[in-house]
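Consider the two complexes below, in which subunit A is the common component and subunit B and subunit C are the respective partners.
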Partner chain A sequence: MDALIRSLIDGLLLGFVYGIAAMGLTLIWGVMNVINLSHGAIIALGMFSVYLLFTALGISAYIAVAITAVLGLLFGIVIYFIAVHRVIDAPELSTLLATYAVNMIIIGVGTSIFKTSPRNVPLDLGSVHLGPAVVPTTRLIAALVAILVAAGLFLFLKYTRPGRYIRAVTDNRDAAEIVGVPSAQVLALSFGLGTMLAAVSGALIATVFPFTILSGGSYELKSFVIGVLGGLGNPVGSLFGGLILGDIESLVPLVMPTTWTPVLEFVLFVVILLVKPNGLFGGEE
Partner chain B sequence: MRRKLYLFLGLLVLASLVLVGCQSTSSEATSAPSSGGNEAEVTQAPAEATQAPAEASEAPEAKEVTVTIGFTQSQTGKYNEESSSQTQGLELWVKQVNDQGGIKLSDGTVVKFKTVYYDDESTGDKVQQLYTRLITEDNADFLISPYSSGLTSMAAVVSEQYGKIMLATGAASDSIYTKGYERVYQIYTPASRYLTGAVDLLKSLDPNLKKVAFVYENSKFSQAVVGAAKDYAEQQGYEVVLFEGYDPGTTDFGAFINKIADSGAEAVMGGGHFQDGSTFARQLYEKQLDIKYLALLVAPADNGFSELGDAAKNVVGPSQWEPSANYSPESAKAAGLAWFGPTSAEFAKAYEDAYGETPSYHAAGGYAAGLVLQKAIMDADSVDPDKVKAALDNMDLLIFFGHIKFDTSEDAHGLQIGHEMVYVQWQDKDGKLVKEVVWPKEGATAAPVYPLR
Partner chain C sequence: MAILEMRDVTSGYGEVQILWGVTLALQKGQMVSLVGANGAGKTTLLRTIMGLNRPWSGQVLFEGEDVSKLPPHAKAARGLVLVPEGRQLFTNMTVQENLEMGASPKRSRADFQRNLELVFDMFPRLKDRRNQKAGTMSGGEQQMLAVARGIMASPKVLMIDELSLGLAPVLVLQLFESLKKLRDTGITVLLVEQNVKMALAVTDYAYVLSEGRIEIEGPSKAVASNPDVQKAYLGL
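Moving on, here comes the complex of A and B:
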C-alpha cells in the first residue's frame, strides 16, 4: 500500500510538469491548427536557459525559471512571425514542415554549441515527507510552479481581453476578424504562450533531472500522448492528461518491468485515437 | 525568354558550385583529424641531415619510424567524461615516450608515435565508420579501443576485419573476447569479476544482511557485470529480491527507488556508467531510501562523483586502478613478475603536472594501453604486427596499473586474466569527501564505513 501511495505521489508531481508541456502543444493546436514540431527543441532550450542562468550567472534557479518564461514567450512570437505566419493559411502539412524546420535549426545550433553531453542543475533543497513518500523539494516546487502557471493561463484565457480574443479566434477565426479581433497578433500571442509553456516545463524539468540538448524529444512525445489523452485543443484536459501519464509512468513499474512503460503509453495513445479521438475530456467538435 | 533561361541556368550552376564549396569545406572542417605528436610519417634523424654526404654513406641508417595510433574519443555524448580521461592518459604516454627519444630497436630504428582520433559521439554507428576510416585513410598501425564495451565491440568487428591489433581499454565486457577475435587485447579486469569483490566486502561488513537488490543499466557492460555478480551473490547465500535493468539515458529513477523500497532490500548494487550512476545515487539520497550498502559501477570511481556531496558519501564502487594502488618494482619481484614503466606515484604526478587533476582509472587505463603497446614493440623488437601480436600473447608483467596477462586460449583470446579490481568508498574526512581504497584488505588505505547513512 505504501508503495502504491509513494508511486502515486511521484506520478502526480511529475504529471503537473508534463501537463504544462502538453498545454503548450495543445494550445497552439487549438488556436491555429498547427502541430508545433519545435516543441521538444523549445523544451530543451528552456532547460539550457535555466542551466546557463544558474551555473554561469549564478541567478537563483526559480528566478531563472521566470526569466525563461519571458524569453520563451518572446521567442515564440519571433518564431511565429518568421516561420509560421506566412504559411498559417496553407494546408496543415506546410506549418508542420515549417515548425519541423525550426526544430532542426534549434537542435543543430544547440548541438554544436552545447554538444550532447548531459548537464545538471546542481540544486539541492533537501526532501520533505508527504505521508509515506519522501519527495525531493525540487520536485514539489516544480509541481507547484506548474500548477500556478496552469492556473494563470486559465485565468488569462477566461478573464482578460487578449484571453477572450484567443478563445474567439479558437472558436471561429473568420467571425472574430469580422468583429475586429486583430487575428495576426492573437495568433502570435497564442504561439508565444505555447512556447512559453514548453520553455517553463523544460526549465522545471532541468531543476529535477539531468538533460542534454536532445532531451526535449522524449518530452515532446509525451506531450503528444497527453494532448490526445486530454483532447487536442483543450488545455485543461492536458493538465489532467499529464497527471494520468505521470501516474502510468510511476505505477506501471510496480507490476511489470519498467521498460514496458512506453509500450503501454503508446498503446493507450493509439487506443484513444481510435476509440475517443476527441480525448478523454470531451473537446467537442 | 531565352535570356531568362540562361540567367536561371547560370544561377543554378553558381548555386551548385557554392553548395559544393560549402560541402567540401565543411567536410574538411569536421574531418580534420585531431592529431598529436609528430606529423611526418618517416623522417630521417635530424643529426644525419646535417652530416656531410661522404660521412652519411658510412654511418648506419638511423631510420625514424612514426607509428600511427588510431582511436575514437567520445568528445560528445554520454561517455564524454570517461572517454576524455582515457584519451588524456594515452596522450601523456605518447608525449613521454616521444620526449624520451622513442623506442630504439636493435637495428637502430627509432620508433616514435603519433595519434589520430575522431569524435564518435558515443554512438556505435559512428565508431564503425571512423575505425574504417582510421585504418584505410589514416593508415593507423595500431588501434586503441573507444571507451565502453558497447562501442568497443563495434570497433572490434572492424579492427579484426582488417587484421589490426587493438588494445581495448575501457571495455570490460567478457563477450567481446569470446567471439574468436585474435587481435583484440583487454587491459581492464573483465566484467565478470567487476562487482564480485563488492559482494565479498559486504559479507565481511555485515554477515547478517541477506536481501540485495540489483538495479542496472541495460547495456552490454552492466548486464555482464551484474549477471556475474548476481550469480556470485546467490552462491554466497544472498537473496536477490530485485533484479531489473533500466534504459540507457534514464533520468528518473523514482519508479526503481519505490520498487527497491517495496522489495525490502538492505543493499543495492548495480548502476552502469557515470551519468546514470550519479543520477541514481543522487535520487536515492533525495528519497532517503533506507539501505545500508550501495555499490555502483563506474561512477564512484570517477572524481566527478564527489560533486554530489552528501549523496556520494559512503558509496562503494569498483575501480580498475587508484593512484594509491601500491604496485612497484618490489611488488613485481615479490610476485615473480617482470616490472615495466613508471610506478603509480610517478604516473599520477606526471598526469597531474600535465592536466592539473588527479588521474581517474580511465586515464590510467589509457596510459596503460600505450605502455603495453610500447612493451610489446620492445619485446618484438619490431613494429611488424605479427611479431607484436606474438609479444602480446607472451606478455606476463606488472605495471603501475597492475598485473597484465592475456588469455591465449581459442575460446577467449585477448581476455585479461592477470588484472584485479580495487574497491573505493567516498568517506567524509573533516567535512571533505575523500576517495579511499577499502577492498581488498591488502590494498586498503582506510577501513570501510558501514552502514551507508
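Moving on, here comes the complex of A and C:
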C-alpha cells in the first residue's frame, strides 16, 4: 500500500513537469494549428541550457531554469519568424515539414557538439517526506516550479492584454486582425510561449534525470499522448493529462517490467483517439 | 477631401477576379450605402478596403494616405473599422470580452466607458447578456454584438456588411436611427444592405455594384428614382 502511494506521489510530481511540456505543444496547436515537430529538440535544448549554465558557468540550477525560460521564449519567436511564418497559411504538411527541419537542425548541431553521451546536472538537495513517500527535493521543486509556470500561463492568458489577444487569434484570426490585433506578432508570441514551456520542462527534467541530446524525442512523444488525453488546444487539460501519464509511468513498474510503459501509453493514446478524439475533457467539435 | 477612397481597384480570390476597377469616395460624416445583387462583389469590396484581400491594382486611400498595402490591424488602428459579413465574433469569449476586443485600437481605449454605455444603450439586450459566451447567443443577438464591437473601436469610418441580417424589422429601424446619430457625430458610415429600399431611404449617397463594377452612383434619393434601379432592386 505504501509503495503504491509512494509511486502515485512520485508520478504526480513528474506529471506536472510533463504537463507543462504538453501545454506548450497544445498551445501552439490551439493558436495556429501547427504541430511543432521541433518540440522534443527544444526540450533537449532546455536540458542542455541548464546543464551548461550550471556546470560550465556555475549558475545556481534554478536561476538557470529561469534563464532557460527566457531563452526558450526568444528562441521560439526567432524560429517562428524564420521557419514558420512563411508557411503559416500553407497546408498543414508545410508547417510539419518546417518544424521537422528545425528539429533536424537542432539535433544535428547538438549531436556534433555534445555527442550522445549521457549527462546529468549534479544537484543534490537531499529528500523530503511527503506523507508516506520520501522524494528527492529536486523532484518536489520541479513540480512546484511547473505548477507555478502553469498558473502563470493561465493568469496571463486570462487577464492580460497580450493573453486576450492570443485567445482572440485562437478563436478567429481574421476577426482579431480587423479589431486591430497584429496577428503575426501574436502568433510569434504564442510560438515563443509554447517553446518556452518545452524548454522549461526540459530544464526541470534535467534537474531530476540524466539525459542526452536525443532524450527530447521520448518526452515529445509523451507530450503528444498527454495532448491527446487532455484535448489538443486545451492547456489546462494538458496539465491533467500530464498527471495521468506521470502516474502510469510510476505505477507500471510495480506490476510489470518498465519497458511496458510506452506500450501502455500508446495503447491509451490510440484508445482515446478512437473513443474521445477531443480528449478526456474536450467538448464536442 | 474624401475620408475614404478607392481608385480603380481590382481584386479577387486566387486567380478569380471579382472587382474590375472600382472607384468610389466617401465624404466625412456621410452615410453611404453600397447595394447590388448577390455575388456582385460587395463583401469582396469591403474586404479589399480592409486589406483582408490585397488590391491587385489601384489604390485605397484613407484620410488622403495610400493604405493599399497596410494589413487590416493597422487600418483598424487608424479608425477604419469593419463589421464583417457572417459576424466573425470571438465565439469562445463572453459578450463583455468581445466588446473589450473591439476596443483594441489605442485610439479607442480612452473612450471605453463612453462607448460601452453607448452600445448598451443601443442594445440593452447585450447588457443583460454581458457574461454569456458569444457563440451561445441567438443569431440576432450576435448581429447586435458584431455591430456593437465595431462601435467600440471609436471608428472614423464604420463599414457594416449586411446590417439587417437576422434582425427583427423593428430593431432594424432603431438601428438605422442609431447609425444616423453616429453619423451626426461625424462618423462616416458605409452600409451594405439587402433591403435596398430602406438603405436608399436612410443614406445620403449610394453606389450600385454590378458584377464587380460600380454601375450607378449618386445621392440616394436620385438612385432610388433611377428606373434601372427601380426595376432591378426595388421591384417596381
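The criterion applied here is as follows: the second predicted complex is superposed on the first by the 283 of 285 C-alpha atoms of A that agree within 3 Å, B and C clash if a C-alpha of one lies under 4 Å from a C-alpha of the other, contacts with A are read in each partner's own complex, and residues count from 1 in each chain.
Heads up, the rule we're going with is that a residue touches a chain if its C-beta (ideal position, glycine included) is under 8 Å from a C-beta of that chain, and two chains touch if they have at least 3 such contacts.
Treat the numbers as computed from the prediction; the structure is a model and nothing was measured.
Shared-chain residue A:S94: touches no atom of subunit B or subunit C. In the superposition on chain A, A:N278 makes contact with neither subunit B nor subunit C.
By the touch criterion stated above, A:P136 is placed in contact with subunit B alone, subunit C being left untouched. In the superposition on chain A, A:S250 makes contact with subunit B only, while subunit C stays out of contact range. Of the two partner chains placed around the shared chain by superposition, neither subunit B nor subunit C is touched by A:N33. Contact with neither subunit B nor subunit C is seen for A:T55 once the two complexes are overlaid on the shared chain. In the superposition on chain A, contact is made by A:D124 with subunit B only, not with subunit C.
Between subunit B and subunit C, it is B that contacts the larger number of residues in subunit A.
Shared contact residues of subunit A, touching subunit B in one structure and subunit C in the other, are absent.
Across the interface of their complex, subunit A is touched by residues 50, 52, 71-74, 76-77, 81-82, 84, 88-93, 97, 100-102, 104-105, 149, 153 of subunit C. On subunit B, the positions that touch subunit A within their shared complex are 75-78, 80-81, 121-122, 218, 244-247, 251-252, 254-256, 258-259, 261-262, 275, 279, 283, 286-288, 307, 309. By the touch criterion given at the top, residues 2-3, 6-7, 10, 14, 111, 115-118, 122, 124, 127, 134-136, 209-211, 215, 249-250, 252-254, 257-259, 261 of subunit A touch subunit B in their complex. Taken in their complex, subunit A has these residues touching subunit C: 164-165, 167-168, 170-172, 174-184.
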